[in-house]
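These are the structures in question, set out in turn.
Both of the next two complexes hold chain A, though its partner changes from chain B to chain C.
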Partner chain A sequence: MAETEAPRFFGSRVSRVQDDRLLRGHGRYVADIELPRALAAKFVRSYEAHASVGDIDRDEAAEADGVSAVFVGSDFVESEIRCVSSYEGFQISAQPILAVDRVRFAGEAIAMVVADDEYLAEDAAEMVFADLSPLPVVLDLDAALEPSAEVLHDGWADNAYVRRAVKTPGFEAAVSGASHRVTIDLNNARHGAIPMENRACIADYDRGTQRFTLYTTTQIPHLIRAGLALAMDVPENRIRVIAPDVGGGFGVKAQLYTEEVACCLAARELGRPIKWVEDRREHFVAAHHSREHRHRVTGYFDDDGRIIALEADIRVDMGAYSVFPWTATMDNGMAMGILPGPYKIHEYSVTGTPVCTNKTPYGAYRGVARPAACFSIERLVDQIARHRGLDRAEVRRRNLLGPDDYPWHSPSGLVYDSGSLPESLESVLSLGGYEALLTQQVEARAQGRLFGIGIVAFTEQTAHTTQEFKQRGVPIVFGYETAKVRLDASGTAVVSASIHDHGQGLETTLAQIAADRLGLDLEQVRVEYGDTNQVAYGAGTFASRSAVLAGGAVTRAADDVVAILKQVAAHDLEAAIDDIVLETGRLSVKGSPNASVAISEICRLVYQRPERLPKGVESSLEASRTYDAEPGTGAYTNAAHLSTVEVDPMTGKTEVLSYAIVEDCGPMINPMIVEGQIFGGVAQGIGTALFEEFLYDENGQPLSSTFSDYLIPTMTDVPDFAVAHLETPSPFTIGGIKGMGEGGAIAPGAVIASAVEDALSHLGEPVVNELPLTPERVLAYIDEATAPGGPR
Partner chain B sequence: MKPPKFAYHAPTTVREAVELLAELGDDVVVLSGGQSLIPMLNLRLANPTDVIDLGGVDGLGDVAARDGGLDVGAMVTHRQMETNDLIASTAPLAQHAAGFIGYRAIRNRGTIGGSIAHADPAAEWPAVVLALDGAITLTSAEETRNVAGDDFFESLFTTAKRPDELVTSVHLAGRFQDNWGFSEFQRRTGDFAAVAVAVGCVITDSSVVEARVALAGVAERPLRCPAAEQALTGPHTGGAAEVAAVARDSFEPVGDSHGSSEYRKRLVFAETHRAVAQALGSDIESIANA
Partner chain C sequence: MREITVTINGKPTSATVSPRLLLSDFLRQDIGLTGTHVGCEHGYCGSCTVHVDGASTRSCLTLAVQVAGRAVDTVESLAPDGEALHPIQQAFQDCHGLQCGFCTPGLLMSVAELAGTNPECGRAEIREHLAGNICRCTGYHQIVDAVERALVALREAQVDG
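Showing the complex of A and B:
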């Protein structure tokens, strides 16, 4: 950065540089890209959840108006998607590109129609007739594990992808010494990310050079390239993946999809670009789902409500296939790891089972398992408070990790680097007006109203790299991100990064970092991403990693470039390199204010006047670096949320009245962007808490395939937010920054459940243990609370 | 989600429109605001040979006073219903109910005639027509006739309208302008009602001399509830809770993913309670355990 000044951009609420283009409709999404001679694809999807596939009659469709080809499973049988975990006993699934002999979820593609346009492709898709013979369906994760359940993959012993168990050595002794215990069962409905832009891709194959170019809506271009190379057995240097503007990802666009492979294979077969733009009904049934966890947790605690040990069984319904690059174990592993959460729990025993069912495969969604883990541990802590007659804030005070506990080695093997949990809790109580709310509750109850307050504290593992992922059994360890910084002859910069910005604001925050490090103005820095030709490798944007890892890589690369600038400037100004100081727009000689040269002049010399360069300096102002935030165990953001709700006693409908957030993600690059991420995450979390649920009938037919059946929160369902920040730097990262992209979405289920339970607590003591809190479920809790003879 | 192929017609008069209807046969749909039809086309739930667009037809967008009530043109939008002064003064129940339909963008395009012809059993307008003793004017190439609201809605998306007829206007009675109530349960603002209740009363000398209680979302068509109307009529004694309990026990709603049958009965109670209380001007009891 300009070394004599405070950073000009880091920490500022600068406007997002991408908004002008996106808000004016000048964004360029996959669907906006028109390639010459492109054909449109439409997938014919299984209407059965589980069936053997007999004859597929494609003759009529193949003859239909404008149709170029109709592909079925046997055409693409050389390719498949496998993602194998290294966990012992992992059972391997192979997902065909188009179903071959068996379909395993309703929505699985069984044929692909390619025609002149989408209308004709959809007309012809209705003419493909597949002979599907229904097989017994497996729809419930517990039923799937019964010995009598139909086993869904050939050669498997049962429907568990894997079974895992972890226990601390002192667990049994701790349990036998505990005076109290409480056990609860918790259920989280299957739902998904639901980005505004559905999936889409265009595959272009150049027969001359035998190269594929895939334009696709993805968060992880380099990993898509790796996955395509594996699935199609094609070297990576023949594949280029471009992710242009992406209209929201949230994890659902962080997997390789069969449709992407199918479009590549069809493009190679036909020698014409193939464009597929998913429609919303397809998205509901075929884009990966998430969040379906079932937990049983037991807390062991003393008279004061201090937790001595935690025991858990975690089952996740991972659907029909293991997904690339995460495998079918990711949610389970994350939940097992993070369940103890923000609490000082030493002893822990956990079993985990990711389960295979006849449902859509399961991928990442903002928060990955942490919403379910937060729901479980926070609901448990509320029950401990109830059991001991303690205020819910007080029981948290007694159990939260304190400032002296870091680095905290959690009983599940995680290393928490830093945090401010008690301070966040106290701040949110004050921000949300907890004491006044307690009075308000007394008044509301006197009027017969059901008014409740929820409080939650949590910790969010972010920017975890090598150490974390090597334990997760994934085939690719997502250890670092890459950034390349290049100054051009006019003195402006291009920053290229392996991450992708689809709402996170990285196009702005990375520019802020680069501008500071390079002594440039924000407008002089252009950030580009989303093309595997730009940088060598990197994992992409997920797991709240991009600001930390790409930010670190940009810092390193920019500093390397500045070192070259200084060499040239020293030569030009006839000074020692160590005396050259970078200032805004200039390089100066320390102590000689008049001896200075513009950065742009040095850039011009490097490229256009090589005779004026010092010996040994090449005509390049470019550096590419990676950053892994060593030791790679992650930077831990923490937060506390407080919300109030009112429940309609006649209908069970829950209204969120207020929502306060205190977030500590370390030093903020751009507080406005941090707040935008928090608000968006909480809004999505309100969907988790109150609305979102993929329902199936008894045959595995999806019942939630339009927006009239699958409800997401709208403006009227999201309250105004109160937000405050703490800034505890990470000792592990450049600048001390921490990730925070997922945090907002983690807590709302837990905090709103806590508030609903509190709203009913004067009537009785039902345990609110299932999400989403539909009005009908809440009414059942009210009935339970008011039933003669009391609850339970 | 691309519609199948169809022929598009854009008449400019009612006469042209009904002649097209007569000429083109049964597999024709009429496009008014398009808020239901366009999604149905895109989802391929509708597969017509022809679409007749009323967007350019003159004379269907007026609101006029008649016989103490109102004649509302079929192409009057939900938003106009929500903002028109004549509707607010003569049929305030209709004005109030309009605000529950979808959200602003939908209300700007959707029309009362389109909603009534579509006859979604959860929609607001059919129930409001029943509560306000409404009548539907149907025009064909041969004739113009009026059908009472009570006789118009037959079943799911099925009405007394013949395929060659067009809904051209809706009459709403004005005598319920002082005592009316409307309440509906939506999961989210703008959603279709799980249950909606519209109540129109005429009260003379502290006695309910006429009561109409109409419900949407409880059956395959909007229904009046005669038992509840009877409970509501007369020198009033029972109150909203009694009428609501009668309504609840009068229906066996079909359950779906938005609520079981049993839950919907609870909603019938809750929303009838609120609508009746509003119509009578009494207070709502705070906790009901019916």
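Showing the complex of A and C:
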């Protein structure tokens, strides 16, 4: 950084550098890219959830107008997607590129039609006839584990991908000493990320060099390359993956998909580029699902409502196949680790089972298991408050980790670095006007209205790296990110980073960091990402890691480049290196204001006047560095949310009236972007809380495959937000930065459930334990509360 | 195949199209205006919104042949290349009213219509008017900020002009 000044960009509400092109309609998304002689692909998908595959009649389709080829499973049988966990007893699934002898979910691709354009490919896809003989379906994650359930993969003992159990040594003793216990069962509906851009890819194969180029809608270009290399048995140096502008990801674009492999294989076979653009109905049935958790949690506590021990069973419906690169254990592992959340809980026992069913495979979605974990622990804490007759804020005050508890070694083995939980709780009570709301509630009830307040505090595990992913048993440990910083002869910088920006604004925030460290203006820094041929190896953007890890890598690389600048400047100015100071645009000699040289001049010397360089200095102004934030179990952002709702007693409709957030993600690189991330996450969480659910009929037919029957929040479903920030730096990370991309989406289910329960609490005491809170479910809770002979 | 003549972003354009070609595909693939995005193809998400004779229209539910003889304006019409951003676009940048940018062109066209039909509306009316444009990234708050700011800027520009 310009060493004598405060940072010019870090901490500022800088306008985003990518906005101009996106606002003008000049973004370049995969579907916008046209390659010469490209053919269009359309997938024929199974209408059965579970069936054996007989003959597939493709003759008529192959003869149809404009059709180049129709591929079926036997054409691609050499390739498959396997993602194997290192957990003992993990049962391995192999997902075919196109179904071979069996389909395991409705929507699984069974054939691929390639034609001159999308219209002709869709016409021909209608002419492919597959002989599918239905098999018994497994649709419920508890039923899937019954001994009588059909086992979905050959050679498996049952439908559990794996079974895991973890218990602290003092758990049993703590339980026997506890005076009270409460057990609740919780259900989170299956739903998904649903970015506005569907998936798309274009595969090109160069027969001469035997190289693939895949343009694809992904958050993780290097991992996609790694996955393609494994799936097709091709070395990585023959594969280039390019993720250009991507229209939202939120996790669903962080897995390798069979369609990507199929397009590569078809491009090699036909010698022409193959373009596939998913339509929305396909996205609902074939892009990975998420969030379907079923938990049973028991809290053991004392008379004061202090939690002594926590016990949990966690089951997640992972669908038909283990996904690359996460395996089928991701959500389970995350939930088992983070369930104790923000509370000072020492003793913990948890069992976890990721379950295989006849549903779409299950991948990442913003928050990965943390929304379900937050829902469970926060609903439990509310029940403890109810049991002990305590205010919900008070029971949290008694249990939250305090400022002196860090570093906190959680009973699940995580190390929480720092936080401000009690302060964030008090701040959100004040920001949301809690005391006034309690009065407002009394008035509302007097008028017969159902008005409720929800409060939640939580931690967001972010930027977890080597240690965490090693424990998760994933085949690739996502330990670090990489950045290369290069100054060119004109004195401008290129930052190449292994992360991807699909809305998070990293193209801007990494430029802010680099500009500060290099003493440049923001316009003099260009950030590039997304092309495996252009940027160094790394994992990509997920798990709220990019600002911390890529930000740290940019800092390190920029500082290395500055060290070279200083060496050359010292030679040029005939001063000692230690006396050279970096200022905005210049390098100066300490104490001699007139002895200085422009950064751009030093850049010119390095590349164009090698005779003026000091001995031993090469004509290069670049550095590539990685950063893995040790100890690797993450930097812990914390937040508290407060929301009010009104429930219509006649229709069961829940309206979110207000929503307040106090977030502490450490020092903010760009508060405007931080707020955008929080608001966007909360809106998605409101979808989780009230609307979003993939429904199936008894045969496994998806009932939610359009925006008419799968509702996501629109502008009138989401209120204005109130937000305030705390900034507790992480002692573990460069710059004290913590991640925050997922936090907004973690709490709303828990907050709104708490508010709805509160709205009904004067009628009776139903435990709101299921999401989303559709009108039907809310009416059922109202009935339960008011039933004669009911709880009150 | 049919011959059509359409005025696209002010420029008369003739083309030969299949009767079943969607307006969205016509604009994106035949004309090369890829700013119009397709998010659902069933008229729900609003990403593909363009103006036909000045009225906001779902281009994914419109056939190219239906706009023969009419004027179609896309997001690319708001700020011609080389010129400053349109006040609506500028407000979106200033207020961080976009993240991934995919829904943004459709939203901008809906806001442009709102600015013409109800230029003095407040936050609640803005939300009502734009409820047909889904954004999955922003949570909408900063979009509403941006629209408020844009409407003020456009009113001030009118007074000044």
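In this text, the second predicted complex is superposed on the first by the 791 of 792 C-alpha atoms of A that agree within 3 Å, B and C clash if a C-alpha of one lies under 4 Å from a C-alpha of the other, contacts with A are read in each partner's own complex, and residues count from 1 in each chain.
We adopt the following convention: a contact is a pair of C-beta atoms (placed from the backbone, for glycine too) under 8 Å apart; a residue touches a chain by one contact, two chains touch by 3 or more.
None of the values given here were measured: they were computed from a predicted structure.
Residue contacts after overlaying the shared chain place A:776 against chain B, while chain C stays out of touching range. Look at A:708: by the touch rule set out above, it reaches both chain B and chain C. For chain A, the partner with contacts to more residues, out of chain B and chain C, is C.
Judged by the touch definition given at the top, the superposed model places A:399 against neither chain B nor chain C. Touch criterion met: A:24 reaches chain C, while chain B stays clear of it. Within the superposed three-chain model, A:675 lies in touch with chain C and out of touch with chain B [touch as defined at top]. In the superposition on chain A, A:168 makes contact with neither chain B nor chain C. With both structures placed on the common chain, the touch criterion links A:246 to chain C but leaves chain B unconnected.
When the two complexes are overlaid on their common chain A, residue A:716 makes contact with chain B and with chain C alike. Of the two partner chains placed around the shared chain by superposition, chain B and chain C are both touched by A:279.
For the contact definition in use here, the residues of chain A common to its chain B contact set and its chain C contact set are 118-119, 279-280, 706, 708, 714, 716. Every residue of chain A that touches chain B in the complex is listed here, in rising order: 118-119, 122-123, 126, 279-281, 447-449, 648-651, 653, 691, 695, 703-704, 706, 708-709, 711, 713-714, 716-717, 774-776, 779, 786. Considering their complex, residues 15-16, 18-20, 22-29, 31-32, 34, 118-119, 193-198, 245-250, 279-280, 502-505, 672-673, 675-676, 678-684, 706-708, 712, 714-716, 718, 720-721, 744 of chain A touch chain C. The touching residues of chain C, when paired with chain A in their complex, are 18, 20-21, 25, 28-29, 33-42, 44-45, 47, 74-76, 78-79, 81, 85, 89, 92-94, 96, 98-105, 108, 123, 126-128, 130-144. Those residues of chain B lying in contact with chain A across their complex are 1-5, 39, 43-44, 103, 185, 187-192, 257-260, 263, 266-267, 269-270, 273, 286-289.
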